[in-house]
Each structure stands twice: as C-alpha cells, then as structure tokens.
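Just so it is clear, A, B, C, D and E label the chains in written order, and each chain counts residues from 1 on its own.
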Amino acid sequence: GCSSSGGGGGSSDTASPAADSRACVILPDAASSPRWEGMDRPALEKAFTDAGFEADIQNAQGDTSKYATIADQQLSKGCGVMVLVDYNGAAVSVAAKAKGEGIPVIAYDRPIEGADYYVSFDNEKVGELEGQSIVDGLKAEGKDPATAVVVYMGGDPADGNAKMFHDGADTVMSAVGIKPAQEPPGVWDGDKSATNFEQALTALGGKVDAVWVANDTNAAGVITILDKNGLKVPVSGQDASVAGLQNVLLGKQTATVWKHVPDEADAASTLAVALLNGETPTVDKTLDDGTPYIAVTPVLVGPDMVKDVVAAGDATAAELCTGEVAAACATYGVE
Amino acid sequence: MAEAPIIELTNIVKSFGPVSVLKGVNLRAYPGKVTALVGDNGAGKSTLIKGLAGVQPYDSGEVRFAGEAVHLHSPREASRLGIEVVYQDLALCDNLDIVQNMFLGREELGFGTFDEGLMEREAAETLRQLSVRTVSSVRQKVSSLSGGQRQTVAIARSVLKKAKVVVLDEPTAALGVAQTEQVLELVGRLAEQGVAVILISHNLADVFAVADYISVLYLGQMVASVKAEDTNRDDIVGYITGSKTYNGVQA
Amino acid sequence: MAEAPIIELTNIVKSFGPVSVLKGVNLRAYPGKVTALVGDNGAGKSTLIKGLAGVQPYDSGEVRFAGEAVHLHSPREASRLGIEVVYQDLALCDNLDIVQNMFLGREELGFGTFDEGLMEREAAETLRQLSVRTVSSVRQKVSSLSGGQRQTVAIARSVLKKAKVVVLDEPTAALGVAQTEQVLELVGRLAEQGVAVILISHNLADVFAVADYISVLYLGQMVASVKAEDTNRDDIVGYITGSKTYNGVQA
Amino acid sequence: MLATRSTAELIGSGQEGTVMDQARAYLQRVRHGEMGALPAIGGFVVLSIMFAILSPFFLTERNFANLLTQAATLVMLGMALVFVILLGEIDLSAGVTSGLTMCIFVVLVNVNGFNWMLALLIALLTGVAIGTFIGFFVARVGIPSFVVTLGLFLGFQGLELIIIGSGGLYRVQTPEILSIMNANMPVWAGWAMLAVILAVSLGTSLWDRARRTRAGVPNRTIALVWIKLGVILVIGGVVVALLSNDRGTGFKPVSGVPIVVPITLAILWAGTFVLDRTKFGRYIYAVGGNAEAARRAGVKVVLIRWTAFIVCSTLAVISGLFSISKVGSVDAAAGRDIVLSGVAAAVVGGVSLFGGRGRLLHAAIGALVIAVITNGLGLLNLPAGVNYVVTGAVLILAATVDAVSRVRAGGSLTRR
Amino acid sequence: MLATRSTAELIGSGQEGTVMDQARAYLQRVRHGEMGALPAIGGFVVLSIMFAILSPFFLTERNFANLLTQAATLVMLGMALVFVILLGEIDLSAGVTSGLTMCIFVVLVNVNGFNWMLALLIALLTGVAIGTFIGFFVARVGIPSFVVTLGLFLGFQGLELIIIGSGGLYRVQTPEILSIMNANMPVWAGWAMLAVILAVSLGTSLWDRARRTRAGVPNRTIALVWIKLGVILVIGGVVVALLSNDRGTGFKPVSGVPIVVPITLAILWAGTFVLDRTKFGRYIYAVGGNAEAARRAGVKVVLIRWTAFIVCSTLAVISGLFSISKVGSVDAAAGRDIVLSGVAAAVVGGVSLFGGRGRLLHAAIGALVIAVITNGLGLLNLPAGVNYVVTGAVLILAATVDAVSRVRAGGSLTRR
C-alpha cells in the first residue's frame, strides 16, 4: 500500500487502525434487491471483524453522485482494500482512484473495468443454467432443440448484467442448435414483458416451444400469457423469489436460478482478508480482459429442490404454500 | 331616511401591499333604489364591490346586510345572502358555452342530472330581453363572443336568479346603443321589484337616467353621497375629479 | 374625395366555421382624418379591425395600404406598415409591469441592453398626457391595475411610436370622465399630425365629437359610410339598429 | 325601445335543421378546428394500416384481442388522469399509486390470507386516501400538484419496497383478478353487452329529447339518433363478431369479448355521465377553464379540485388491478414507469394539459394509439435500441397528425 | 381640461425614497406574496438545521463542498429547464439529452480518438440540434411539448443503447472533464473570484444608475448598492473562507473552491443577464405571460419558443458534462432519471409551471434544496425504502413551506 503519504498532518484519532487494515465496501442500492442490506452487509461485516480488520460498509442508495462522494470519504480515511459493487458505472472512476493510491479493488457481484479481482455469482453461469433448464425442458418434452420455437426474453439492455445472462444462456442454447425465434426488447418490468411476449407469441402464430426468461419477474408475466392461451412450455428464471418458487412448484416455470448470497460474501471476504494480510492470492479463472475472477456457483432450483431453498432460509414454507400452491408443496415436501 | 338600508358598509379599509386603496369608505344601498357609484379610474370602485361580493375580503370595516353584521369571505356567502354581481372583468369560462356560463353554480337539475332544455330556454329568453340579436346559438362557446355579447351574457347571468342586491360594475361599457337602453330599463325594472341595485358607471348620462342616489369615490375616500335629484352633472364631475368638495349631508 | 385613402378595404369576407361574420365589407381611412366605425354588438367591428391588424387574417378581400395591395398575415406586418392598434380585449401581459408592456416589442436599447431609464421616462410622460393620476408607479405589474388604468396603458402603448394609422377599438369604454376627454383630445391631436385614426365606439356623442367620417356595420355589412357633418345621431342609430337604410353616396 | 322581437328570435340552440344541416354544421366545426378525437382516430387508423402492411399478424382476431387487453391498463390510467388534467393539474404519482395499492392487495391476500374482495376494498380505500392526501396539499394548501405528486412518486416507491420486502415478487393467486385480462365472456354475453349499449344509448337519447320537448326547445332531428345507433351497431357488431371467432391456436379454443372490455366501457360510460351531466363534472370544466370565474360563480373550487384527485387515485387503483391481472405478479417496482404514458395518452387523444378541454373518450382513444405502437412494434422483432427510437418517433408522429390537422383547420398559433 | 398637472406628477417608478422606505416597500411586497425565492431559502435553512442536529458530519467544510458539487448537475439542469418552463412548456427529454450527448462525447473521445475539445463542441452542437428539433415541433408545428419531449425521452434512450451498446460502459478519460467536479481552484483564485463578482456587481449597479440619471428618472438611494455589495461580500467571504480550509483528512490536502462553482456562477450570471436585459429574455416572459398579447405586440413568438428550447437543450449538455465528471463514466442509461428532479428544482425555487414567473436563481436555490435532502439523508444511512419515503416527504414539506408562506402573505386561492 502507499499509505505513507500521510504528511505531517498527524491526525489525532489514534484509536483508528492503520489505514491498510481497513476494508472499505460500497453497496449499490437497496432498491434492486433486498440482499445488499439484508444479507451482504452482515456477512461481510462479520467476516472482516472476525479476521481482525475494520469494515467500513456504506450504501450508495442508487445515486451515482453519492457513490462518488462515499468513495471520496472512504479514501480520505484510508482503505487497505476496496470491495465495490458497481452502480451504473459509478465504480469505474472510484476503482481508478483507489488503484492510483495503490489500493487493491475487488469488484463484487458486478464487473468493474480496471478492478484487480472480480468475485461474483458467475452471471454468465446464471445464464448458462437458465439456458440449460430450457434445453432440458425441451428434451423432457421430446422436442428437438434445433427445430424448437424458442423466444428470448432478456433484461434491460442498459444493465450490464442483463447482457451476461443473455450471453450465458445463448452459449448453452445455441450449442444445441436453438436460435431465438423472436427476441423482443429486454426490460426489467413485468407488465412490459408480458406485452412484449404476447406480441412475440402472436407473431409466431401462437406456436412456442420454450421461453428463455432472464428473471422471475419477467417470467411471471410470460407465464400469465401462456396460461391465458392454454400453453405450458419450459420457462426459465432466476432469483428464487416467492412467486418464482411457486411457479416452479406449480410446474409453470421449469426452474429458477438460486443465488445463495452468503457463499458470495464468503468468497469476497476471504479474498479481501488475504489482500489485507499482504498476500497476493492467485485465482484460476480470468475475465476476457484478464481480470482474475472467482466465480461463485449459483444453483438451479427445480421443484424437487425448493425445499433446499427453504432449508437455507432464503424462503419460508408459509409464504410459498398459499392457495393453489399448497398441494404442490405437499408433493415436493416443502414444509 | 325612511327605509332601512339593506347594505351598509362602514369604514371599509383595503390595501394591496404598499398600495392603500380604500381608506375608510361608507356606502349604503336601499331596497328598490338604484345607488350609483362613480369615481375616477383607480378610485377604488371595483375594489369596494369585490369586497362586497366576497371575492377580495376587506382588511377592516363593518358590513351590515339587512341590519345584521355579516362577514363576506367568499363569493358563496355573498351569493347566499342574495347578492349578485356583474364584474368589470366579466369572469366567464371561455371553454363553456353561453347556457353553461349563465347557469354556472346554479344549474337546473331534474332527476339528479342537468335539465339542459329548461336552462336553454331560460337563457334564450333572458338574452332576448336584453336585446341580443347577433348571437346565433345559446350553445356558442363564450370564447367566440364579441365584447358586447360577453358583457350581455354576464348581465343576463345576474338576473336569472331572484336576487336581493344586484351590483353592476360598468355593465354598459361594451354595449351598443340598443343594448345599453335595455340594460338601463332592466335596472329600473329590478328596482321596481324591490331589488337594491348598485350601479358603477363612468357614463353620467346613464347614471342620472336611473340612479336614486349617487356616491362618489375619490382616491379611496367617499367624498359625496347625494340624492340624484339634489345634484347635477357638473357637481358630480367636480367631485369625481377632486376639483369640488361636498359639504352637504351624506344621503 | 381629394385625398387618397391610406387604408382601403374592399369586399372583405370573414367567417368563423359556420358563422359568417363579415360579408363583403368596404372601408376607407384617410390620413389626418378620424373615421369612426360604429355598429351593434356583434356586428363585426372588432373582427374587421383584427384583420387589418394581421391578428386574424381575412378569408378574402383586398387590402390596400397607401394604394398598394398588401397582405396582412401577422401583427408584425401591420406594425411594419405603421398600423397601431388598441384592441378591445387589451391584450397586455399581466406578469410584466407598465413600462415593459408599453415598450413590448419596441424596447429602447443602449449598448445592446435595455435602457430602462429612457423607457421609464417616456412611459411616465405618455401616461401623464392621458391624465392618469392613480397609478403610483410605472413599475406596477399590469395585473394590479384597475380596468381603466389598463385601458390607458394600452392606449399609451399605441401612441408611443409614430404611427401612420391608429386603430382604437372602444378605447374609452372603461375610462373616467377626465380620461375620456383626454383620449378624445389625443385622437384629435393624432389626426392633426396626419395620422389616419379609426375609432370604434358605441358612444355616439364621442363619435360626433371627433369623427370626420362615420361608417356603420350592420350584421357584417357596411350599411352606411358618411361624413359626420352630413348626418346626425338619429340617422346613425337607425343604421346601427337596422331600422333605417342609407341610400346616399358612400363617402 | 329599439330592439325588435322578430330579430331577437334569431337565437337558436344549434339543434335546428335537417340531417344535412347538422352534418354541414359538424363539418364546418371540424374544419374550424373543433375536432376532438378525430386526429387521434386518424393516427390510429394510419398506424394500423402501417403495421398491417409490415406484419401479416397485425390484422388477426387474436392480435385485435391482444390490443384491447394490452391497452386496458393505459386506458384506465389515462381516464383517471383526465380528471386532474382537466383542472390543469397533473398526478405524477398515479402510476405508483396503482403499484402501491396492488402491493397492499397482494400482500393482504397472499401473506395475511384476506378475502380478495376485502383486500380489494382496502386497496380502493387506500386509493381514496391517497387522493385525499394529494387533494389536501394541492387544493387546500396550494402546493403545485407537480411537486406534491413527485414527492409521492418517490415516497410510494419506498413504501412498495418496505411492503414487498424480502419476498421480492408475489404471485397473483385470485382467479377472479386474473380472469379480468385473461378470460373472456361467453359469446352470447358479448352480443348481450352490445344490446345493452344500444338500449342505454337509445334510452338516454329519447329521454333527453323528451325533456327538451317538455321545456319547449328544439330537438335535433330524430334521424341523428338512428344514425348514431347505426354507427354503434356496425362498429360494435364488427368488434363483437371478430371477438366471437375462435382465436386460439389449437391448444385451447379462445373466443368471446375479454372481460376487461365491459368493465372499461362501464367506467368510461359512468365517468362520461358524471362529467357531462352532473354538477361535479361541469365544475371540473369550469375550474379548468377559469378557476376565478368558477369561484365567483359560487363553485367550491377547493372541493372540486380535491375530489378530482380522489377520483384520479381511485381509478388508478383499478388500472393497477388491470395491470396485475395481466402480469400475474406484483413486485416492488410496480407502476413506476407508466404514468408519463398515461399523460401522453390523454394529450395524444386531444385533452389539453392547460385544463378545461377534453373528454374521457379522448384519453381512451389516445391510449389505444399508444398501445398500438407497442403492439405493432412487438410483432416486428426489432432490437431494443431501435424499438425505443421507433416508439418515440411514432409517438411524435401521432401527435403531429393531431397538431397539423388542428392548425390546418384554422386553429391559431396559440394553444390556449 | 380637467386633469391637473400637479396630481399627474404622482406617477413614480418605485425607486424613490430612503433605505427605510425601500425596505418597508420590500417588506410589504413580501407580505403581499411577492417573495421570489425566500421560501426556498427558508426551506434550505430549516433542512440544514435539521440535518445539522441529526448528523455531526453535516456542518463540516467537507460536506459543504460535497453539497456544492452534488447540487451542480441539478442546478444546471434546473436552470436549463427554466427557459422553457417560463414559457409554460416542459422538456422531459432534458435529462436524456444530457445523457445522449455525453454518450456521443465519450465515444468520440474513447473510441474515435477525437480531441476532447472537438468532441465537446460536437456534443454541444448536438444539444443545439436537439433543441432545434424540439423547437420545430413545439413552436412551428404546434405539438404539446409534453408529447414531443416524451417521444424524445424514449427515442434518446434507444439512441444511447445503440451508441453505447448493450450493457456498455465507457470511462471518462479526459482529466479536464474530470477536474470540473473533482478538482479545486487554488485558494487565491477563490478570493479572486469573489473580487470579480463584487466588481461586476458594483460595475453594473453604477452603470445602471448612470443611465437612469442621464434619462432623468430617479435612482434608488446609493446606500442600497453598498448594502447589496456588503451582503455578497459577507456570504461570499464565508463560503470562500470555508472552502479555503483544508478539508482533506490527512492523506492529501484538499482546499479551494471546486472548479464547478465558478463555471456555474458564470452561466447563472450570463443567463440572468439575458433574461433581464435583452429582448430575447423579455420576450420569454411576455410569451409565457400572455402569448397572444406578445404576438400582437410584434414579438416573434415562434422564434422565441424555438430559441428557448435550443438554450434549454444546450445547457442540458453542460449539466451532462457535470454529471459525467462526477461519476467518471457513461452508460446507456445516462440521464434517465434526473429530469423530474430538475423540474421540481425549478418549482420548489418558485418558478411557475404556468409560465411567465421565475428566475434562474430560483431554480438554482431549488436545486440546492433538493440536493441538501439527498446530502443530509445520505449521512443518516437509512434503509433504502425509508430513504425514498423521507425524500418524498421532505420534498412535499419544502414545497409546503413555500405554498403556506405565499398564502399567508395574502396570495389568493388561484395560482395564476
């Protein structure tokens, strides 16, 4: 580290640990997912404190300006490592600034241009799992993937993660000869997604064999349209949300990709602690631009595995097994 | 004075920010009589009657209606007392038609919904009385009316409902010869029916033709209140322009 | 007629949707003369002069200015020819002050920016000529003016700039006794300076006091155009109300 | 006395004359710029022709039914907004109001096990409460509605987050709600609906005529009533007939008028009735046209403004209901993006943002125009970027049709 | 002749009287409701006190500097929007205009290797072109600005996607751009800036007085000039002094006025100059107040509207520049969310959405109010849902301060 530049200022707060023993974390927002405040913060905090370091964890609350402001404050207090979850690109200049001061940067969950490490649920892997669930679903129905009519329903193209989900899924699906019969504009919005899918379906003359959908929200809209037309085909998704798991139990959604957050937090904190201890951990995978990359494995959850999600505490049987889902819960042993 | 005034304003004060417009004004109006209110431009006539109409409440002063002290804080209250006003700036809704404007706030209902036929007939009849000839349909939007036609609509509005006090702020300013005559006749008819009429006008010929009393505002002060028969045009002009002062008994 | 008309309208036609307002109207105005335009409410007077002002172009008909055919499709064109208009509906910007309204579109510049002092002085002087007494500051917002004060501002606006033709649509409707006198005097002064004045008014006394020619519109048609000295009040009222028809030579 | 009675009799009521006279008068009004929803209808037709050329699927019964259900949410939101736009106000929170109340609804049903009708009632009452809140600040306190509702736009996003919490996404499990957008009436019910519409239309026409006759004012020639009924019969007949064909794709026979259609028509009818024939409606126009004039006429301006916001928020709840019926789920971002489209629907349909001018039907037609853009583009399989650009361009184009036809027709430069 | 010269001399110009007279007149104007930005300033002070109590970090030099830079983007966007809001129009595309032009800028620099100044010029010209486009449709064709700019709001999101590409992200690599928000002027330059402000203020005051004297109309008492200069000196002095302290935390000394401050002040000054002292500015107010009156007075209404949209879009580009300087990167969603806040800034500052009323300074102060909400809440570290709710509530509260003080002051019920 280059914490030597402290100058003669000699700040009097001797109680604070040396700058290079502090781990600075910026979380992106609380709007896109409840995980940041609810799961990542406690997990990271515990890992750093247990390893004897101070954790400075802040949330940019969906504001790129605030993101930059928080980073400035943290950097001036001093950091031994920065763990950044990008928000709309705001982390890029923060990473550059940190590296300018010799502070290693871990891109957490979202890739950041210029970061030293990238720890994430492999978003491409998430896509691959989704693609795999489609391919498996088609096979289970005895349909030839190469001739199957598959619609791609992606996420907001302005969001970098959406592209990774898409690319991952496409790798798997194109490998078995699937080509998108229709690919409406991506959105992260159930209503628009439903309309887009309904039109794609109409343009296909009402024939569809499977729908790759990037997340559970969009999948719910797609499923409603399918139901309306008396169709039941393989549908993918991710997030292991209540509705997603319910749709999986009901057989309306083939599977949902489940990301158990503590796994990811563990991987990041282990890496960060190693960096704080002055080690230079090596990592086997790299991104296209050469960034070392630790992929945490997401899990594909079909109806049989919903009980695992419940067991891990990411969902409760009480909220899942309501109404018509109750019967399915019994069938798949969710309680 | 034998009869009791229905409107009695005492020591009315009103100012807009730094501009003091009414500086302790008294005014009375009697049932069945026409009280003319005259004064130079900017004397405060419209401000005085806007207070009476509840549009712009006075800062201080006493308002008595039929002998009782009342507070006029909104046009609804004035209207409840039976005070009908034709404003100098008319205040019509351009996007509504003639019938809708005339009956605004007092629509005729039948079975909970508008009885458009009834309103249409009454509107047409009232306008006819006022000698309106160039309006082709009572369903014309007010935005498409000429200046005089609008003024007629506003006047017609004020006589639709049986009022106790009718205040007309320069009602004939935009009217043609025939229409002016009709309005003056209407004023006379209202007074005959026992209505107290307050008429603001710059046209002294009109004023002398119909007024029983004449009150003169000068720079926010009531400088004269006289019986019309006791005075003449020159005196009134003198009061209006401030070149004469009145020393008689206030009527 | 010895002198050539500066304004010559021939066979002007204008309708609003189903309403045919002007049905082939002719009008002339001469430099140095006052032409009064009279007619019943809704006769089409304002429509006629709004066409001349370029505000609402005519549907058809010929407009000659100083002998040349012109097309008046916007107020700017009329203003370029030297036609100044006081509209019946005034058209002032309520959010601007008196000086700003009077000089709107013709601000005095010095070094590329407003010369506020100059404008203020000219505005105050012009208003003073028009006998305005109750305006406390020329920097008052127009929204706070009384009806007569607004009308005076509009009139003052039209005489700020040297015009060839001044059109006044009921300029004295809201004015007090003194102010009306001033405006009539002003009309006379303008005519003396060689300006052609077109005056619309319902007040025939005023009309006869200043007009050289009188033109009468009746239901969208010009039923009479006479020299003021050749006619009288009763005749004109007859033409206006349609109870008389004019058979003489059009002036 | 100079006025002569004979000329005074000239004041008419615009109802005189034969069918031809009336038609001529209408045409002249249109040519003079009073064209209401005509430009929007024109835009709708032009867009339809365009998409019909570009995609063979556009002119199918199936897609027609799609369009109706896809438009319904926006139609309802547009109609909700008309009540405040007529006052010259705006409600930026209408979208999140629909989202928030649906979050409450779904949590009550799914998590708390409420009866769905009770939950719906609570959602509607929440809508009323929200409208009351907005109305208080706008009408009583006098804050510009833009700011108040922007504040709520933010605040309700937060409330949605707080309410939906860690579940993230809830399924709509009430079959009755789901059927609004996803089920159809039996074929006979479609025809019955048309019959009711015809009967109501005939009934009100005759009733109006009877009242006018009683008052002694002229009536329009009765032929116009028959013509109007004929138009409803033909258009309605074609729509119902189209929707009565099987539009399924072999998996399940699908036919009949979607249930959302009669609901929307009923609300459209009721709202129009209120705006045209009751004091509340008349006063909305009056306040929107000239609030001071309305006040001087004794209209309770504050109360009218206040109530309009309540109506808007309440109808927004129904638009939320339509939306979750279509999507089948509710998440914490529900209703965030739709409000500007709702305002655009009203404006494209010919409702003036300055207040005082427009009808519910205009907003409905405007919503159809906007929905047909998404519908048609959805059949063309364009990349996202291009799709955005084309949507924006077509929206501007549709508005241009409107503006140009009004200006051509002699409307002046200023829009008030 | 009845009028007497003597009474006629009464017409004043409101400039007469002593300091006390002027102060009394001002107070009475304020009490009568003409309070300009006073309520917004009041709101700012109240919020500041509140946050100062809640967080020890709020009243630090560091946070003060943060606030200035955090507010700058919104200040600039609010000022841009004032030009069209004064006309009673709106530009919903101002945010994405800033985003789109910055996409173009960064792609030109990063991908095509353009010189940054050339790229900036191109971005500004694109802004001009966008404004020209909007102005054409709004002012010439006559489409409501709400619809045109909503169309562009959508369209430009598409163009950003097309330019940046799906999931794309570009770093800002121009140190000059980055330094706008991230670097400070030397301490002496801050004082120099204050000196320039004082000199310009004194200069214009004296020049105005000289012209008035030449025209022979009264001048305000000269004491007022000194008071004004004194106020600037004190407030400016405190600000510059605060920013001249080292606000770094030991690793790197940080002091001086952020570079964005003089840029913003210069644009504020120039814009105010244009609005107050040139025909273009005067005509914007006139058209916003009464377009028909302006047209009859010979104002080229179409041209004024058109130009105002060009100014707005161009200033939006600068606000985009501030934004990317702060964030350091550009993505395909740049500028999507900010425009409503920009309008809110103007409204909270006291600019009327109905047109004709408001100043640039008001929007700047309104933006500070909104920025201080985010700034202060950021220090409290609330959960996101609560944060949204509090932001919305405080926004409504700030607007309530404004509304209530105006109504108290005797403003009438109607807001026009």
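We take it that contacts are C-beta pairs under 8 Å (C-beta built on N, C-alpha and C of every residue); 3 or more make two chains touch, one makes a residue touch a chain.
Quick caveat, the model's predicted, so the values are computed rather than measured.
Student: Starting from the Cα centroid of chain E, hunt down the chain whose centroid lies farthest away.
Tutor: B
Student: Determine the centre-to-centre distance between chain A and chain C, using the mean Cα coordinates as centres, and give it in whole Å.
Tutor: Chain A and chain C have C-alpha centres separated by 74 Å.
Student: Distance from the CA centroid of chain C to that of chain D, rounded to the nearest Å?
Tutor: So the centroids are 46 Å from each other.
Student: Express in whole angstrom the distance between the two chain centres, defined as the mean CA positions of chain A and chain B.
Tutor: 74
Student: I'd like the Å distance between the centres of chain D and chain E, where a centre is the mean of that chain's Cα atoms.
Tutor: Computed value for the inter-centroid distance: 37 Å.
Student: Using the touch rule from the top of the page, what residues of chain E touch 2 or more other chains?
Tutor: Correct list: 2-3, 7, 157, 160-161, 166, 292, 295, 384-385, 387-388, 412.
Student: Identify all positions of chain B at which a residue touches two or more other chains, and write them in rising order.
Tutor: Counting only residues that touch two or more other chains, chain B contributes 16, 132-136, 177-178, 237, 241.
Student: Note the residues in chain A that touch 2 or more other chains, in rising order.
Tutor: 30-31, 157
Student: Would you please name all pairs of chains that touch?
Tutor: Chain pairs that touch: A-D, A-E, B-C, B-D, B-E, C-D, C-E, D-E.
Student: In their complex, what parts of chain B are in touch with chain E?
Tutor: 16-18, 56, 237, 241-243
Student: Which of the residues in chain E end up touching chain C in this complex?
Tutor: 1-3, 5, 7-15, 208, 211-217, 273, 277-279, 282-283, 285-286, 288-290, 292-300, 356-357
Student: Can you list the chain A residues touching chain D in their complex?
Tutor: Chain A reaches chain D through residues 30-31, 33-34, 38, 157, 182-186, 188-196, 198-200, 202-203, 205-207, 216-217, 220-221, 223-224, 227-231, 239, 241-244, 246-247, 319, 322-325.
Student: Which residues, counting only chain D, touch chain A once they are in their complex?
Tutor: 55, 57, 60, 62-63, 66, 70, 73, 110-111, 113, 157, 161, 165-171, 173, 178, 181-183, 248-252, 254, 323, 326-329, 331-334, 337-338, 374-375, 377-385, 387-388
Student: Please give the residue numbers of chain B that touch chain D in the complex, ascending.
Tutor: Those residues of chain B that touch chain D are 53, 55, 74-76, 79, 85, 87, 91-96, 100, 104-107, 109-110, 112-118, 120-121, 124, 127-128, 131-140, 177-178, 181-182, 185.
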